[in-house]
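Following this message is one structure expressed as structure tokens.
All chains are identified by letter, namely A, B and C, in their written order; residue positions are counted from 1 within each chain.
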Amino acid sequence: MRFEQPVALHFISQLIDAEVIGDSNAFATGINELHKVEKGDLVFVDHPKYYEHCIHSAASFIIINKKTDFPEGKALLIVDDPFEAYQTIVNHFRPFIASNKMKSDSAIIGEDSIIFPNVYLGNHVRVGSRCVIHPNAVIMDHCVIGNDVIIQAGTVIGSDAFYYNKKTNRDIYYRKMNSCGRVVIEDAVEIGAGCTVDRGVSGDTVIGAGTKIDNMVHIGHDTVIGKNCLFAAQVAIAGATTIEDNVILWGQVGVSKTLTIGKDAVVYAQSGVGTSLDAGKIYFGTPAEDASVKKRELVWIKRIPELWKKVMDNRS
Amino acid sequence: MRFEQPVALHFISQLIDAEVIGDSNAFATGINELHKVEKGDLVFVDHPKYYEHCIHSAASFIIINKKTDFPEGKALLIVDDPFEAYQTIVNHFRPFIASNKMKSDSAIIGEDSIIFPNVYLGNHVRVGSRCVIHPNAVIMDHCVIGNDVIIQAGTVIGSDAFYYNKKTNRDIYYRKMNSCGRVVIEDAVEIGAGCTVDRGVSGDTVIGAGTKIDNMVHIGHDTVIGKNCLFAAQVAIAGATTIEDNVILWGQVGVSKTLTIGKDAVVYAQSGVGTSLDAGKIYFGTPAEDASVKKRELVWIKRIPELWKKVMDNRS
Amino acid sequence: MRFEQPVALHFISQLIDAEVIGDSNAFATGINELHKVEKGDLVFVDHPKYYEHCIHSAASFIIINKKTDFPEGKALLIVDDPFEAYQTIVNHFRPFIASNKMKSDSAIIGEDSIIFPNVYLGNHVRVGSRCVIHPNAVIMDHCVIGNDVIIQAGTVIGSDAFYYNKKTNRDIYYRKMNSCGRVVIEDAVEIGAGCTVDRGVSGDTVIGAGTKIDNMVHIGHDTVIGKNCLFAAQVAIAGATTIEDNVILWGQVGVSKTLTIGKDAVVYAQSGVGTSLDAGKIYFGTPAEDASVKKRELVWIKRIPELWKKVMDNRS
């Protein structure tokens, strides 16, 4: 999340009751997760395992639960519970205020767009021109929809990320990490019925121009999808994954988190993608591999009985 | 799509600005895709690869982008862009007019049917007698629902087909082909919560009498399902497939497009059906094959280490 | 289903027009399926194959279509069609009365809970304190939601079980068995967008405290889920299954009916669970097995061509 304007570190430190070590006169530009931070950003870390990685990331300001060394030009904000501090910052800068109207007063709809009955448009939602949003679709706060977009019935845009802080020493292990990111849908995207697109935890989930998505497809938080992709029904993509332009995923494909599928790749139905895939190739299987290799493998399996017989013949 | 009454070819040719070659005094009875056309129908073709197939199909009138030979008794309608001509015809004879009411004025509901709050019933929807339609279900334009049908919460009937015209020489590769077909649900069908059933592109998607469908099942456009079928949760069926009577698909089965599953066949959970299946057999696996063959195969795979050892023993 | 207070067997026998054999002055405490019955309960059986099992179950009163021997202290209720008798009892004690309001008059909402627009709350629904229920969610009759629960947009709680009485000697093979159970969601549970949780047929579907569920997850009827479980997107769990505490199911996992997954077990993405799984282990594959065994198997498959070559070399 970018702040609307740079925020004095003094203000942040008071908000989260932190001791500042380093340049306390600096200004923060936003707060982000480790894999997305840029210079000027705040980041938080509460496990010694990630201290080093965090302190040497692009982030300028580290919310942390222990005093430690850090590079020049940065600052530490020492608190007891960095996770709680993160939640406090998110709640302050992007507070959760449920709209009690089907179309919030701050939602903006472009010219010639058709919004069917029973569509929910949350706070600060923007819908472009010539869009069609079918009945019972839900667009949650801050989501941005381009021009010529079609969203079919019952689809949910901007559901919260499935993202938790886990500690097994309390009764309830998982605590929800508040999502402050958005969903950004570019021009000429079409999304089928019964889909869900999660907002980014701290960045944006993006669907590139011209991408077409069939029914019951799930897109996880912070996933970035290129242009002119085609996803068939019941595809599921986990969080923070990158899908480049023109990728085709056939029905019921599952894609794991934080990986990249290269441009023009094709993944056959029901495959499970657990690692990054090269551009321009065709994949199949769980785990997904080169489709021609996988198909040969299926033929080899069928030859095991024949092989067994040969071995038995050899022995006698 | 059948026209309500035969339409003069003169009228069609003016509508799409086409030059007619052949019997221009004829009347067209409807417009359909290649695999569904009948005598009297219009069909369109824009790729030389399909010219021959189209011209020699049952269709009487071919919307085409090149003058070519054709059999007696037919006619060509020459246009620059046959896809655009098809869209124009669909938009004329089945225009998209979004209803702004939860229950459109033209929707008809039979006796003793219960429509829960927040159900959307589009234009010209017909619901039979003694039906129950649970909250937040959506029935889009022209869909027909028989008697004694139950549709559970959040289910969408009549979403648009996932069907595009692709050209990679433009910025946006895929252009939506407007769906003018319907969903027809016969008597005593039950559909679970969170399902999606796409309308036919130019024909009907049909669910046969007595078929029961669990939650989160996706049925693609123009698919025709027989009587007394049973589909468990998260099954997905692609477009224009035929499922005969009494077929059982267990959970998370995926079925590809334009194939046939024969009567009484059973497909075990998570299988992927990529080719037509015989009647009366049991199938398993991705790709789905005879379940007993597949199960033996799984046993053979477990014997590879033993086989390896035997081969090594033979060598020494 | 427990009756609100014990009901005289006389009353039941009149309601379903049954002949009572045995202690007709007894009182019944509820009606349940065979695998859930307790002393004092009614149960029904209509197939000779299950007579013995039913008569010797914990149930005290057996609705049955044939006179037969039975243990002391029990009673038979003889009827022509036990299934119809069951339906009659359910319809009497938990009648289906559709609310025509978005929030039924009998629904109770706890302090500081936020109910977004377009949420349906059925008869006798109870929602605890500090809950958030997002737009277009549906909570059907009698469901109970604890404190600090989050239910995201479009999710359906309390859909009917996918549970039928099958007879192939009638036109419509399957007749819906009316669900009289509930969904009980404990404290601090979070359920993503587009999920469906079926009510119990005669018992309760339960989701234990602190369990977090991603988008598009399906939970079948009478399934009991422990505390602090984590289910990723598009998981599907069939009916009457037990998932113990802290179980993690990754994306698109399918779980069959009436089995148990032991505490702390982890099941990798896209696996298919067809039998009970031990506590504390990691599983993978369809059918799911020990993940390390499965991974070695995948390596062995890749060695078949090498093995083939060795065998051919041995022969020459």
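Assorted remarks:
Throughout what follows, a contact is a pair of C-beta atoms (placed from the backbone, for glycine too) under 8 Å apart; a residue touches a chain by one contact, two chains touch by 3 or more.
Just so we're clear, the structure is a prediction, and the values are computed from it rather than from any experiment.
Superposing chain A on chain B by their CA atoms means rotating through 120 degrees, a value rounded to the nearest 5. Under half of the residue numbers found at the chain B and chain C interface occur in both copies, marking it as a different-residue contact. One simple way to say how far apart two chains are is to compare their mean CA positions; for chain B and chain C this gives 32 Å.
Residue positions of chain B touching 2 or more other chains: 118, 136, 154, 194, 216, 234, 252, 270, 301, 304, 307, 311, 314.
Within the complex formed with chain A, the residues of chain B that make contact are 98-102, 118, 120, 122, 136, 138, 140, 154, 156, 159-160, 162, 164, 171-174, 176, 194-196, 198, 216, 218, 220, 234, 236, 238, 252, 254, 256, 270, 272, 274, 286-287, 297, 300-301, 303-304, 307, 310-311, 314. The touching residues of chain A, when paired with chain B in their complex, are 114, 116-118, 132, 134-136, 150, 152-154, 187-188, 190, 192-194, 209-210, 212, 214-216, 228, 230, 232-234, 246, 251-252, 269-270, 298, 301-302, 304-305, 307-308, 311, 314-315.
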